[in-house]
Structure formats: C-alpha cells, structure tokens
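Each of the two complexes below includes chain A, the first together with chain B, the second together with chain C.
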Partner chain A sequence: MLRRFDVHRVTSIAEAVDARQRFGEDAAIYAGGTELLLAMKMGVARWPHLIDVKAIPALGRITATNDALRIGATATHWDIERNALVGGALPALARLEANVANVRVRAAGTLAGNLAFGEPHADPPSMLIALGARVVLEGKSGTRSVAVHEFITGMYQTALAGDEIIVAIDIPLPAKDVRVAYVKFQILERPSVGVAALGTVRDGRFVGAPTVVVGAVDEVARAVPTAQFAGADARDARTLDAIAEAARAAVEPTADLAGSVEFKRHLVGVFTQRVCATLAAQAS
Partner chain B sequence: MGSREIHLRVNGGERRVVIEDQTLLIELVRSLGLVGTKLSCDSQVCGACTVLLDGRPVSSCTTLAIEADDKPVVTIEGLADGAKLHPLQEAFIERFAFQCGYCTPGMIVSAKALLDAYPEPDVATVRHWMDGNICRCTGYQTIVEAVLDAAEQMRGAP
Partner chain C sequence: MKQAHRVVGTPARRADGVAKVTGAARYAVDLSVPGMAYAAVVRSTRAHAKITGIDRTAAAASPGVIRVLIGDDLLAAGLTPYYGHVVLDHPVLAIERVRFHGEPVAVVVAETKREAAEAAELVDVSYEDLPAVIDADEALKPDAPVLHERRGERVGDEGMDEGEKGLVGNVCAIARVGWGNIDEALARAHLVVEGEYRYPMLYGYAMEPYNALAFFDQGDLVVFSTAQHVYMVRRDLARMFHLPLARVRVSAPYVGGGYGTKSYTKVEGMTAAAAFFTGRAVKLDLSVEEAMLTTRSASAHIRARSAFTKDGMLLARDFQIVMNNGAYTDNTPLVNSKTANRCFGPYRIPALRVIARSVFTNTVPSSSLRGFGAPQGNIAGELQMDEAAAKLGLDPVELRLRNLVGPGEEFMPGKRPLDADLKDDLRCLASALEWPGTRIGRSIGLGVSASDAGAYPTSTAAVRIHSDTSVTLFTGSTELGQGSRTVLAQIVAEELGVPLESVGVVNGDTGVVTYERTTGASRTTTITGRAVQEACRDARRRVRELAVQAFDLPTSEIEDTAGGIRARGRGFSYGEVIEKWFGAGGEVLGHGAVRRAEGFAKMPPFYEIGCTGLELSVDRETGQVHVTKLTTVGDVGFAINPALVHGQDAGAAMMGLGAALHEELIYEGGQLVNPNVVDYRVPRFSDIPDEMVHLLAERLDGSGPFGAKGAGEGAGNTVGSATASAIGRLLGIFPRELPATPERVWRLIREAERVRTRKTE
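Up next, the complex of A and B:
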C-alpha cells in the first residue's frame, strides 16, 4: 500500500528537467522503482510527484566506442547483463550485474537508479569507481559529468542537483592487458562486502599498481592506497597480505545486520586477498 | 493526474481499468480475483508475488500497476490450459516441491520466466535464477529438480 502520488511521464530530457524545476523537493525521479518504491512503502520517504523517465528514448540505450561504454540511465541490470557490447568489452561488469540482488530486481532496477539512491550496500559503485566511470548529468545549465566517487557523497546522498537528471553512466574501457575482477560476500539481499580490483600482471608482477576499491561495508566505497605495490610480486602471499592490510585500514565499516565492525573489517581483508589473487590467476 | 485508465492484458484477456497512480500491481491483480499471487515480504526479497510483466519476472508488490499499461501480464492463473496443468505445475506436484504452498505460485511463475529464457538450464542456472524465491518449508532440492524435470518435459513436448 502506497500513499497517494501522481506520476508524470516525460518523453524528453528537457521535459524531465522542467519537471524537476517545477516540483522541486516534492518530486523524485522514477525509473525502476526498486529502491524508490520500497523507501516510500516503508514510509522513510514521501514524494507527492514522481517523474517517470522511462519513456525518454535516449536514456534506454547502451552504446560503445573503442574506449568507453555509455550506459543509458534507464538501462536495467537485466539489460546490461545480457548486452553484447557489455559482455564483449567488459565481461566483469556483465557478471557483476548478473549477480545484483535477485532476478526481479535486475529486471526492473536500473544502474543509474542504483547510483542515484546512494545505498551503501551496493555492488556497482566499487567496480565503477575502480574503472574511473563518470555519471553524466543534465540540468538547466547544461550537461556535466561527475566521477562516481564524487557523485556518491555519503549514505543515500549524491551530488545530483535539484534540477538535474542522470542521463548516462560513462565507463572507460581498460586496456587489453588490464584484468578486472569483483568478488563479494553476501548473506542477505545486499552485499556484506564487495571488492573490485583492476590491474595488469606480467611475469607474475603487477605492472604499475593495482586498483582496489572496497564497497558495501562503509558509508561510501573506498579506494585502497596501493601505490606501494607497483611492481610487486602478485603471486607472493606477502604481497596479498599487505594489500589486504591496506584495505582493512582504508575502511571504516558500519555495524549492521550484515555484521559487526570487526567482522566486516576481517571480510574486507579476506575478499581483498581473493580479488587480487584473481587478477594474478587471470593473467597466467 | 492521480488516476488513469490503462489497457490491461492479463493472462490473454483484455480489459480497460481505471486505477490510481500509486496502485501496486499486486493490488490490481488480486482485486481482479487473481489471488494466486501472494503478498509476503512486501520488499522484493521473497518472490511470492512474482508475475511476468512483458515477459520479465517482477515483484508485483513493488511494481506500479500503471507499468502494465498495454503490456502482457502473466500470473499463476495464466499457466494452466483449462484443466490441463502447465508442465511446471505437474512437476512441482510430482516432485512434491512444496508444503504449505504459499511461495509456490511465485516459484512457478519465476521458473516459467527462466525456462522462457533458458529452455535447457543446468542446475547452476536454475539455482542462480531461483535464489530470489524463498521457501521456508521444503528446502530447495525438490524445487530445483521440478524445474529441471519441467524443462525436460517441455523440450520433449510436440
């Protein structure tokens, strides 16, 4: 049962931006509804107006250039996990998307909506941050693009301005020899911890430093300082132990139903080791 | 605004209904007497309210009914052909894949979407797809077996 509201279906970005201005704080953007309607049913959020952006044709598209993917704002997890461009260019993202929540959430929920909600227990942000992805926003004063790690500013908080909508997510494609991996631990509907890593391993050593981003344990996803591991032996357990230690130190876990601070910090170490071991294994 | 008429296409039948924007799909289908669709967790976790919307499984507890405008909706009542049960329904009975039965309509509708997408699923595919449907009575082994049996049955059917 939901309290009364009006849904306004817009068919262009300009119309959506106008509606955002007109309704201000009284309206939310509505696409998949998998986060929004839940929050409204629980009574933690109430909007008299929802701006339905699903009928804006441009927002549903997934396109690719040689060096980037562009995921339209109304592309669902279901669309992304099955998309041939994504599967071909960035299979690790397709796998991540295929394991978000459950099949019904994936069928309706969008990647942009996932970011827009700023839910800390989410899969995509860590990998998107590791890849250097950006959120493309359009508002009254034009278009801007914000790095995902700057877009999600806190728990359920984002940099989206009052007149803006998300248009797309731009994801730079890593070079051919860069491996991308994501591992998670999950006992409930959302991940307890998810760790994304990017790196090149040649002759058993990291070429440059690996990128490691820890998600879901903290208020926001955290990049792990890894500069010291440039050139380190990726197959040496001591390297993986040291990266895991850096990851444990980089997070400030939030205690919740998924576990205590100590437990989550432990998980961060274990899953950081695993994801880095995956990088090395993929390279061999 | 506030309410609108939609063209509803449920289980092959068509009708026009006037609904308020905030009406949930589960409220609409149950108000039509299609009470096989069950409300349980009310938060997209358990799968008891699963229906197919435009071929995709969705939680009808967290889907606005206006989304069904001019799109096919399939509920558990839409699977049987008159008195002839769907192979999934037969397989669930054969394998004794339920006890209290509350989760069963959602299980079977979700499995229908699975077999539409993957007519020849392996065990891992079935488990992955069905892991968003929760049963608190039986355990899942017989459910997975029933889905695999139905897949085989449907492949063999003329």
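Up next, the complex of A and C:
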C-alpha cells in the first residue's frame, strides 16, 4: 500500500521550481500519477514529498500557432485526444493519444508525465521525436528547450535537472503534404513495439527521405537511418523491405514478457513496413 | 417434454443485481467492527530457506503496533499451527522453514492498516538458503531438494486419490485410471498420435482479493471472510483453536469472485490467530499482488498417446501427467485425480492408462480453479482427436461422433452413466459455427468434455414459512456472483407456489444457515437445489399436519395448492394455517437433506458438459490470434434461469480464452516475474470475440431439480484445446503449449514454413 507522503500543491511555476529546489531528491513531481503512484504502491519508488502541479493554471493549456502546437505539461492524454486544435493540425497525434493504455490512464495521465518517467514502453516518444518536438523546461536559471530525443536519455532517465519542471511540449507542425502515421503492437498494458513515420509521397515516390522512429522496443526510441530512401518508390515492396531491414538493424530490443529479442526485432520490421505502407496509402 | 412451470425456466432478474451494480452490496472486504485492528503480512523473500532468526524488536516498537506474531507463537500457545482439508501441512505462518517466495512468515497487528504495513517492513528475518526447485519435472528427479521430508497428517475424508501410497520425494498425489491392454492396443493401431502438451500455471483473478475479519466473542470464534466453502474453513479453524464446530462461526457475505480460488482456508487462520493473540477484532485484506502469492492453479505437463483404427475408432489412450502443485497440498489430491478422470474424454476407449502425479515445488501453492483439471487434461485429450483427424483425413467432428458415448452409457466403469446427449450437443455446436467453415483465413476449433462434477453430495437446506406466507430460505451455499441466491429462490417459489418476490435468502453463514459441504464443482443448482426442494416438501408436509389439527381435517382430503392447501372446497394459505394452529404468530420450518443415496448414490452426482467452439484468424506476421466467434452449448438438463446460464457460459469461456491466449504465471529464479495484473494478462473487453452465441440444450436429463444439472465451468473446459485446434488447422502445425501467445504462434508459423520448404525441396 502507499506509504505516508506529503503533497505540496503549488499554484505557479515559480513555486514549483522553489519546491523542487527545497526538497531535492526527496520529491517527485505529481501530475497524473499513473506511473508514479503505481510505482509507489508497488514499493519500487518511495517519495516523502510530491509536488502537485495540477493546480498551475498555465500548464493545462493546449495552444497552436501556424507552425506549432504547444501542449501544456498537465494536459492529459484524454485532453489531447479530444482537443480540436490537435485534431485539426495533427490528427495522427490525436489517434495515438486515443490509444494510450486505457481510458482511466488517459483521463489522468499526462503527456509530459509520460516523457518525464522515461518508461521505454511508451507510445508518444517515437512520434514526438519524428516530429522534432521539444520539451520546454523551467528552472532556477530560466527556461530552456530540449529535443525529445535528447530529453529521454535512457531507461527511466531524462535530462530534467533537479530544480526543473516540464512546462510544455512544443511540436512543430509538418508541412501540409507531409503524412504522419503511428502503428503499434501491444499485448500487455504497454506497447511492445511502436513505430512512427512521417514523410511525403508524391506520384508513389518519397519526396526526400521518410522519417522513421522505432519506440517501445529498445531502452530509448531509435531513429532509423533512412537517407538512402530519398526519392525511393514508396509502393515497391523492396523499398519497404529495405527500410524494415534498416529499422531492425537500428534497434537493440529488450527481452521481456512481451517477447524475445528475436521476436521483437521481427516485429520492428513488420511494423516499419506497415507504417511506411500507411504513408504511401495516405498519399494516394 | 418440459412441464409447465411458473418461476423456474424463466430469466428472473438477479435478486442482487441492483445492489451489486450500485455498489450497495456488502462484501467481506467492506465490513468493519468498532475497535478493529489491522494486520499486515511479512512474506518470505526466499524460495526455499531455513529461518535462522526473526527479530521483531524494531517492528514491535513501531507506532501503533499491538503485536508481531510468528509461527512459533502458535506452537507455544498449543494451537494447531497447520491447516489443510486433506493434509495438515500448510503452516498458518512459516515454522522453521519457508518453502516459497511470498510465504507468510509473520503478521503485524497495529491500530491502522498503514502502521501495520510500515512495521511489517521492520521485521528482520534471517534465512539460510536451501536449494530450491521450481519445475515439476525437476522436482521428480532423485537428487531434487525435498520440500516435505515429513508429511503432514492426512485429515481428508474424500479419498479421491490413492492416499499416502507411493508418495515419495516430492510427489504430493498420485491418481491412476485405466482398463484394458494398452500395449496390445497400441501394437495393432493404424495410427498412434503422440505428443507432449503443456497447460500454464494460472492466477484465477477475482475482483475481491483474499480478506478476513476475525474476533472472539465470549470464547466463540467469529470470522467474516471471502470464502467459498464456509463449512470447510470452519473445520480448519476449529482444529486450529481446539474448539467445537459449534463455537466457530464463519460467514461469507457476497463474495467478489471465487472460481475455486477461494475454496478452503486462505487467510482466515492468520487473521484468527491475530485476533487470538491480541484480543482484538482484526482485519486482514490482501492486495491483488499478495493474493497472487496466495493461491494459483496447477500447471500440467502431459505426455499422451492415442491409438486409432484407420476408421478413426479409438483403440487406446495413454496419459502421463505431471502437475506442479507448489509448496503445500491444499486441494491437490482432488485436482490431480480430476485431471486424471477428465483428460481422456467421454469416448468409448477399449484400453486406457492414466497416471497423474502432482509434485511439490518451491512455488505458490495451487488449488482449485474453474474447470479443475479439465482444461489441463483437454489440451492433450481433445487436441489429439484433432491431430488424429488431420492425419487420418477425417473430419474432426465426425471422428468425435464415432467415438462419443451415448446417453445412459457408462464411460468410466462403476461410475454414473453419461447423463447427456453429447453427440447431439456436438452437432448443434458444429452447425452453429457453420462447421467446417469456408471463410478464407478463418479456422474453427471445437471440443467436448464431460467432467465428473458435483463433489461429494452432502447438502442441507431449511425454509421458514412465515405467517404472511412469505418464505426465508437458509442455505450454506455462498453467492459468488454465479446467481445462486436467485436460482435457489426460484426453486423455492416454484415448489411452494409463492411469488419470487416473497422469498428471502440467507446464505453462507455457519452460525445461521444449514450445512453445505462446498460451493464448488458446479454443484449448487443440482445438489443444493435438491436439498432446497426437499426442504420445501418437508415444509408442505408440516403445513398439512398443522391443518389436520387446526381445522380438524382428515389428511386424505388435503391437497397442496400454490401457496397453501385446499380441503372441502376451501383454500387456505400457509399463513392462515400457521396462524390458526398457533393462535397468534408462528411459522413452519422445513428441513431438507441430500446425501450419497437415491438419485445421488452413484458418483459423480452429475457430469458437467463442456461443448464450446470458436472461430479465429491469425495475423501471420505477428502471430496474434483474433477470435471472431465463440459458441457455447449449455447442456444443463433444464435451465432454471437461462440468463444466468448464459452468463456462466460466457464467463467460463472468456476465462478459458484468457489461458488459451495470454495468461501464464512465469517463474524466474525462484520468483514470479509477473505477480501483478499489469504484467499478468487477464482478458479485457477488447478480447471478447466479435460474436458470441450461447445455446441451451435442455433434455431434462440432470439429477437436479426439474432435470437440471450444473453449469459454470464446462463452457471453459475445451476453449484451450479448441483454440489450439483452430490455430493448428490454419497453420498445419498444432500448438501443444498454451497460452498461444503471439511469439509462440509466430514460431509455429516459421516452423510450418520450414516444413513446407523441406517438402517442396
């Protein structure tokens, strides 16, 4: 069962940063709690203090400019999947969010919390990395922004400094003719393999190289080297086979209850093909 | 032909439906008493070890702590520190030694639940590791570490297995079934199908984890618990505290899911001991994670051979079964013998040899779980029918029809003849599934089973008819969600001719209700139902006796009517007779008992039929199975409440599907690696097949009331083998190990490709 802890409800970013500094390693940031409280209930994490950031009004907002979405740190998966701005500008992200875990997790869990936990078996990181999203952090020395692939540094490890909190996630919107897709394979509570891709397909060919990022299978999400596929025939099975081969080579899967290294590497190939086929199909 | 009935045979609304859906229904976990203390369990961190010391100092000094209790305290107080309804080998708290990771070593009692949990972490147990054995086949080897050098006292009274003969090393139970000359039959067979099959170790996930509330009231022990068999728990507790049965009261209010996992004593002993040593009312409620360290079902490794003529007639079947039953005996002798009885199927088999052995290992103790050996046995028995059909070029339905026994035919010598028409059931199932199936990429699998169900048929019931003609039923059978309160009330309403709404049910409290041996083996409708019927008939007899005296009527002129009697052209309600006889107030009490006699003289009391099939597709790239349709045939003799039968069939089939596709407790290095329901994958709503069809077969051929017989487990018994069969028919290679996880299926697909490549080369 949960052990005793103190909850500190902060109402501004400055207060949150202060609390981070005051409690140091004795405190965790608490927003959705879907990962944090589960870990605390199981006794794998113990925090004497939780800094509850849910009541900071600025953090709940989802806003859009012409070329970017800004998702506040306390926006839940449920908020994002149903948000009209997200649905209009980046429907693939809305779909991804609508399929995270289950409705109870989505109703409480936040996108920022998902990134902050650094859980390797997660849906959002691969797509956010593919889109070039950045995590906006605020700490004692001010604000900085870190690319998602640099923010998540390892299994359950991030670049978040001891005095910082996540303020928002900035997601650049792809150009009009760029397609975004995400497919995953999932048996347990979390995805076993998730592959995000974006690219432009014109007249059946990739315009430039597609971006492919494989998540959930490795310690961190991995971008697949795809430069060689610039201009390749997106409808040719050989192209998809070759991208799948590149994806399989790019990952070092972790064996767990969802499968062996060999099976997961195989799945990476299958879902890379599927996601790239989706790009081509969407374009036609 | 069905007789005309008023109340039975109708889908009457569940008596407890609204209370459960709105959260008003009270379960044991909801109960509290003033001044109650809380217990927390300290569990072994070793798979197998000697306990070299337990330092309680820090825990005892922790805030709110009342007492820290260990096994030695029970010994010192002269209590019986072991429980077990067959073998007295399960320590309430570990004594000298731990035999599995997670075994209770100490109990901390404190003023609050959190204080108890916090102090539990301060109990310092020192261990000296012993070699551990996790795998059952390993545990059978001569050099394997032995868990029980000295066996516990045998206290069981059912004698289902061979008793203590041959129980050497780690063998916990042996069962043998057989007849005919196996070797001779194998030698002259046209085809012998041979293989090794594996059925997983499962956790029977119930929404309400194990919990109990215990206190002593003027020397009487009172325990509220989420128990299925309150009378079995009463016996264990009476033995533990040297109390007469009459001074132990065990009460189970609504039970939040049982499935067999709450049969027999679980946490009641620990909780009662905590109450005994503290003089307080003590509550212990486990988390799901702790419940997973309390009871599981036995896995099975089966080596099987089936011999056929070229026309597909069975000549012989040979099964060698090894089951992993964990650290203690619990219900193993019964599960083991049921697996032996249920593996070969309701077929005409000229020669049979089954040897089932259950083996102690350093794992969570196993006990009953829905199906009780039948799903384990069927993965070999039924799947070999399909494998044989494929090899003989015969239709698997036809192959089964050729071998199935008919109604009234004996298939186990000396046992009850089959009380079902399985051939007709199978034809119904095949037709509903559109067998053999023509849709590309889809495949159908199906199977049949007949389980010797009902357990030992001892049951009693009482009805009180009140002065307003309403009725209270007293039954020792517990409401596990299966709907027994509703079904038994329907039987009362039918027998006594009163409205269903005027029947109240009091159940599951040994201090109040009449004796019931168990609530398991799908027995309640059949066996308790018969006791209820007898109680109603006894009450009617008494009403007639009262009428003779009260109205000075000759016995011969009294006829029974709905809700009363009729004599000399006049009707009298029960209430009128009662009030007239007493003068003011009063009631009539009827008692009913059934035993192993008359309709239940021959064991088993009835066969529970399994007749389920499904259609599925396989993603050939990922190995993921998708079930498009699942069909059950509920051969229940007579459905007293058809809606509840459908509910039971759907539930049993879905649990079967969990084991077929996903569920498996996995051990690595002496510890469970998935001891929580995040990593242990139970079925979800998204796993429900696209289409589910539940048929009923009502031939009034059951030994229960109105021709009914039990349901609730059968529909799941063949789901595992049917799933394997459907996958096998699709891929050309049959999976012989469940669950058929995506990776396992993907490996089969690759193997099938290799076989095809070899053939074309």
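Operating definition for what follows: the second predicted complex is superposed on the first by the 284 of 284 C-alpha atoms of A that agree within 3 Å, B and C clash if a C-alpha of one lies under 4 Å from a C-alpha of the other, contacts with A are read in each partner's own complex, and residues count from 1 in each chain.
Here is the rule we go by: a contact is a pair of C-beta atoms (placed from the backbone, for glycine too) under 8 Å apart; a residue touches a chain by one contact, two chains touch by 3 or more.
This structure is a prediction, so every number in the text was calculated from the model and none was measured.
Which of chain B and chain C touches more residues of chain A is settled by the count: it is B. In the superposition on chain A, A:T143 contacts neither chain B nor chain C.
In the superposition on chain A, A:F263 contacts chain C only, with no contact to chain B. When the two complexes are overlaid on their common chain A, residue A:V105 makes contact with chain B while staying clear of chain C. When both complexes are overlaid on chain A, the residue A:L37 reaches chain B alone and has no touch with chain C. By the touch criterion defined above, A:I187 lies against chain C but remains apart from chain B after alignment on the C-alpha atoms of chain A. In the superposition on chain A, A:D6 makes contact with chain B only, not with chain C.
In the superposition on chain A, A:Q21 contacts neither chain B nor chain C.
Touching of chain A by both chain B and chain C, each in its own complex, is seen for residues 1, 3-4, 38, 42, 189.
The residues of chain A lying in touch with chain B in their complex are 1-8, 33-34, 37-38, 41-42, 50, 78, 98, 101-105, 107-108, 189. In the complex of the two chains, the chain C residues touching chain A come out as 113-114, 117-118, 287, 289, 621-622, 624, 662, 666, 673-674, 676, 678-679, 681, 741-743, 746-747.
Across the interface of their complex, chain C is touched by residues 1, 3-4, 38, 42, 185, 187-189, 257, 259-260, 263, 266-267, 270 of chain A. Across the complex, chain B meets chain A through its residues 1-2, 20-22, 24, 27, 42-45, 47, 50, 56-59, 62-64, 66, 110, 113, 128-129, 131-133.
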